[in-house]
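Take this structure first; my questions come after.
First chain written, first letter: the chains are A, B, C and D, and each begins at residue 1.
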């Protein structure tokens, strides 16, 4: 699975993206966040407050309970602040 | 193409002229320009860096624009959003709406800005004079601004909501 | 001077630049441009002639502008209104509002236009392709637009007896 | 008294303005309109529907019951249509 990180999520994890093999039991975005947090302190810090991290699947905003089946690209980022 | 994400600056008059060239059916054009402020929470800002999500940004801006066209009788719109490092006073975003009805042009421009601010994947990092960086937090007032569009469309004099 | 009544055309970007030059406290600039439409009630328009009341026009625009500044936290405003004969597509009016708050800039620009339309002494005469002239009627929707600002009715300006 | 006419009020009366001696009994804008209507068919036509004519005294909008005492300049015109 192609994962992308933006803004301080990117800075805390220390990379802009990566391609990972996900365990089969991961069904939702929330499952994915929980699994990522086990991958190291940088992930644990980035997702310390999951309510402050937003997600997009295939470049569309999704909620934590969104299923990841069919995803080509999953992105994590803080609430947007453009404009 | 009416949505552009670019590092380069823009010019409001140039965009108005492009949208209205050879058209005499438009009566009202509204522009919104957002610029970098030189101060944040009492602290002086040396520059503002805008990060974005290439691909998704354009897709979101196009979705937001299509929603405005579905909701108001718009003749033309343009959204330009810059990314990269910008100095205080520099342009960040331009929204242009053109309609035969002035209230439609005003409301659509406000709507585009409200939605853009809470949906388009941009993130701002302020760099202070001493070099320290700070990611700008999303503002609750932006969420509140968005919430008011969820109300039933208010009837506006002379303007029928589209759809 | 932030109010101008003139025969000449204007340029929105030029006015934005003039209002924001060397300033980094402004975050939001809204412009409204009104243009001559080439059609009215299904009839093609050859030109539009704007008559005005020199002296009173400037005074009314300045009053309207001062009211907007009293009501919103505005950093700068500009109102330009043309007079004379204008062709379809030509600019008629420009309103620019600058504020650190985008909603203030939007609301003030709408307010300025609503008040300008019902108080500034301008009259439009359309000339059709066949040369016939028609004075444009005031629109009830403009009165309605004004009403939503829900201001106390301004007392009729009294005239003090001479001596 | 200096009187000014604009738009179709000007066209119907046939002049942009004039200076007239007003009878002493004219106290309000409405009085002035009633008196002007007696001055000829062009005035009668211009003020045929007084509700469609607006007035300004010394370049400020006034209502028909406004007193004209102290006026330097009184203008009559249709509802404004700028912008």
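What to note about this one:
One rule holds for everything that comes next: contacts are C-beta pairs under 8 Å (C-beta built on N, C-alpha and C of every residue); 3 or more make two chains touch, one makes a residue touch a chain.
Keep in mind the model is a prediction, meaning the values are calculated, not measured.
Counting C-beta pairs in contact, the pair that comes out ahead of the other among A-B and C-D is C-D. Rounded to a whole number, the gap between the C-alpha centres of chain B and chain D is 47 angstrom. Averaged C-alpha coordinates put the centre of chain A at 27 Å from the centre of chain B. Note: centroid distance chain C to chain D, computed from Cα atoms, is 25 Å. The set of chain A residues that touch two or more partner chains is empty. The multi-chain contact residues of chain B, meaning those touching 2 or more other chains, are 34, 113.
According to the touch criterion at the top of this document, the contacting chain pairs are A-B, B-C, C-D.
The residues of chain C lying in touch with chain B in their complex are 11-14, 16, 20, 22-39, 88-89, 100, 102-103, 105-106, 109-110, 113, 139-142, 144-145. Remark: chain B residues 34, 50-53, 55-56, 59-60, 81, 92-93, 113, 116-125, 135-139 touch chain A in the complex. Interface residues of chain A facing chain B in the complex, by the touch rule stated above, are 4, 6-8, 10, 56, 59-61, 75, 77-83.
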